[in-house]
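This is the structure I want to talk about, given as structure tokens.
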């Protein structure tokens, strides 16, 4: 029997991971991406491999996903991860107050933690604000955004998946029965237009998922929610440093190569193709970041960027909205067959989003194949260019 | 300063398929304190959707957005516009040299990645393996336990700047040789033999342009010289070994 | 299409490169010696045929000039080879080029020795 | 993206001498290569010309008369300048190879450039006033 052909729109984290998952299950996979690999939200992610601590108070579903996926990614793609752990740092009394609920959340979500006195904290991370009250060590990590996607894509390619970059979807092809049977694309490398046929189309365009769904007349309640990230020119810490407080602006500082990156903010936009940098927010990052690590004030800014999270609309917005993901079978929601949308979620849960999506795709295609991505180590990200 | 706006002409290299390449001018208002990649992205977003360029992290950790700006290699995500605008208000943006051009500002850096792979460069290392020359080494105590991403971000700018790479596509190149230096910290992997050849460590002609354009503290030129000394020392040692 | 690295060109490994550098150092030394010797024995300039012949009457001078010739020819041809290598020639072509360079070098050296000895012979006759 | 990964980049030898917005290290290389080619050409021309020595005093001395032409003297001066630079840059390359001095390679270049200029001037004065 001919292998079913699945086209994935978007080569972000979800697209690359879904390509890997489906290719591993033996399907014929093509990924189309209008830009470069992870040139949208994924590439601009903060790079925090969450342990779930950030969500364990308000959004335990996300928190549990995080700690589980965290441990899986450490095993399957250690080549791009700094597994140095993280700290949740309480700087004032209100942080200490918050820690009670936080500890309960950690227990509930089975996130391991270890309390550290200020002195113990400064011994392992001497550049943290010495006025801290208490800190908890957790299994956070950091990862390289481009390379984690390359590792998934490389492994997908090694199993036969194809990646068509700089190829923009201009139209979804829908037959008389209302089924999506393919798409029309514009190859921006050659400036040529063509049509691709698929047994199933997966819309993995994250914050742009609503726009692609609209092409099929379907509706996806995704709220593009950008935030700012600022990189500073010194690696002050080896661990991910979180402020022990209700998730808010600029409360995470991550090491990356010889930098630290402070993030982030949260606001809503309509046009997400270009988000201008808002200078007040850059200022805010410096304020908030230097509260955790005072030395940030003394080093140069190295880069500033905006990343647009895809939040699932549920009446709640911004920080209150759940950070979990959702997979839409448009047969059920809009009566459109052959078309699935995956959006929401976060970088740490990319593999699980792919698993869920691939399960639905396989179920729709009547294929019985188990997901094997949790046990399958990824090949070297550099092989992305060899295959 | 922050309210200042400059009218800048971006002279962008364009190439589609097998058509002849040309330069296209885009005039745009920018803030001098913006990063160049922002402007390139805005040209795509608001002026010409056919423009192709590679980018991902926007803060110099991924290495995707290296381009030639006024003839010199720059990582555009950390290059301020005010630092590269000519006196007549133009900025010329071209793809990196010494790689096949895919389209517009996108080049195919496959060879670079394969070369880095072939010498066994490690993308993540212990923090003590690539020590800081100056500045602050993070953390204290058992630093060897900490893992960090290696300095090299595989941006290809050193290859673009290298005068040897302009004619010798088989040359391993500065990034891979610096990677080999890192890999040679493990004495048993045979990398010293691998680079001791005409396409390896001896092909360099000490122009040090690689170190000049490297945005990520690798100093490939210096690493090549360190590697040469290591290869020579290894050769001398092996003479004595074979005599025993 | 991914195995480019297996086709390494032979040749300029550490040996040849090191030789080029050592010869370069030797050239600098010999030029300095040459300048000094020239100053004392040749008394400044060798402005006529007779001056040159007289200069070559000293066997040490003949020896030094021949050494200098060999070293300079070798250095320049290894350098030439290095430049040609930068043009990334095919392996087969490079072999031919190697032979051409060896022949050119040998001919130059033999010719140079003949010339030096010829000049030296003028003074004894 | 439909390209052959390992298609070599187009080769143009003249790009060795592409000044781009080069830094001093690249200028050192460009000058080194130009002087290398120049000196090699000179070496073999020189060997051929010296054949006159074997042809007796008349041949050689009449040739020497010709060589007093200012253009020839200028050419000889260029050879001397090239030799001085090439030798000094060789020392620079050797230094930065055999010791960890590549971080000061620019400073070394400035020093050798200065020495080369002074040396060249001395030779120029001597050759044109001799």
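Order of writing sets the labels: A, B, C and D. Residues in every chain begin at 1.
The rule is simple: a residue touches a chain if its C-beta (ideal position, glycine included) is under 8 Å from a C-beta of that chain, and two chains touch if they have at least 3 such contacts.
Just so it is clear, the structure is predicted and the values come from calculations on it, not from any experiment.
Put simply, the chain farthest from chain C by mean CA position is A. Centrality by C-alpha centroid: the chain sitting nearest the overall protein C-alpha mean is B. For this pair, chain C with chain D, the centres built from the Cα atoms lie 16 Å apart. Between chain A and chain B the centroid-to-centroid distance comes to 26 Å (mean Cα coordinates, whole Å).
Chain centres here are Cα averages; for chain B and chain C they lie 39 Å apart.
Averaged Cα coordinates give chain B a centre that lies 31 Å from the centre of chain D.
In chain B, the positions touching at least two other chains are 102, 106, 110-111, 114, 167-170, 205, 228.
Residues of chain D found to touch two or more other chains are 1, 4-6, 8, 11, 13, 16, 33, 93, 97. Counting partners per residue, chain C has 2, 4, 86-88 as the residues that reach two or more other chains. Remark: chain B residues 70-72, 97-100, 102, 106, 108, 110-111, 114, 161, 163, 165-170, 205-209, 211-212, 219, 221-222, 225-226, 228-229 touch chain D in the complex.
By the touch criterion stated above, chain B contacts chain A in their complex at residues 2, 16-17, 34-35, 38, 41-42, 45-46, 49-50, 52-64, 77-78, 102-103, 106, 109-110, 113-114, 116-117, 123-124, 127, 132, 135-136, 138-141, 146-151, 153, 216-217. On the side of chain C, the complex with chain B involves touching residues 2, 4-5, 7-14, 16-18, 85-88.
Those residues of chain A that touch chain B in the complex are listed here as 35-39, 42-44, 47, 78-84, 123-127, 144-147, 166, 168, 188-192, 229, 231, 234-238, 255-259, 261, 273-274, 276-277, 279, 295, 302-305, 380-386. Across the complex, chain C meets chain D through its residues 1-2, 4, 21, 24-25, 27-28, 31, 45, 47-50, 52, 72-73, 76, 79-80, 83, 86-88, 108, 111-112, 115, 118-119.
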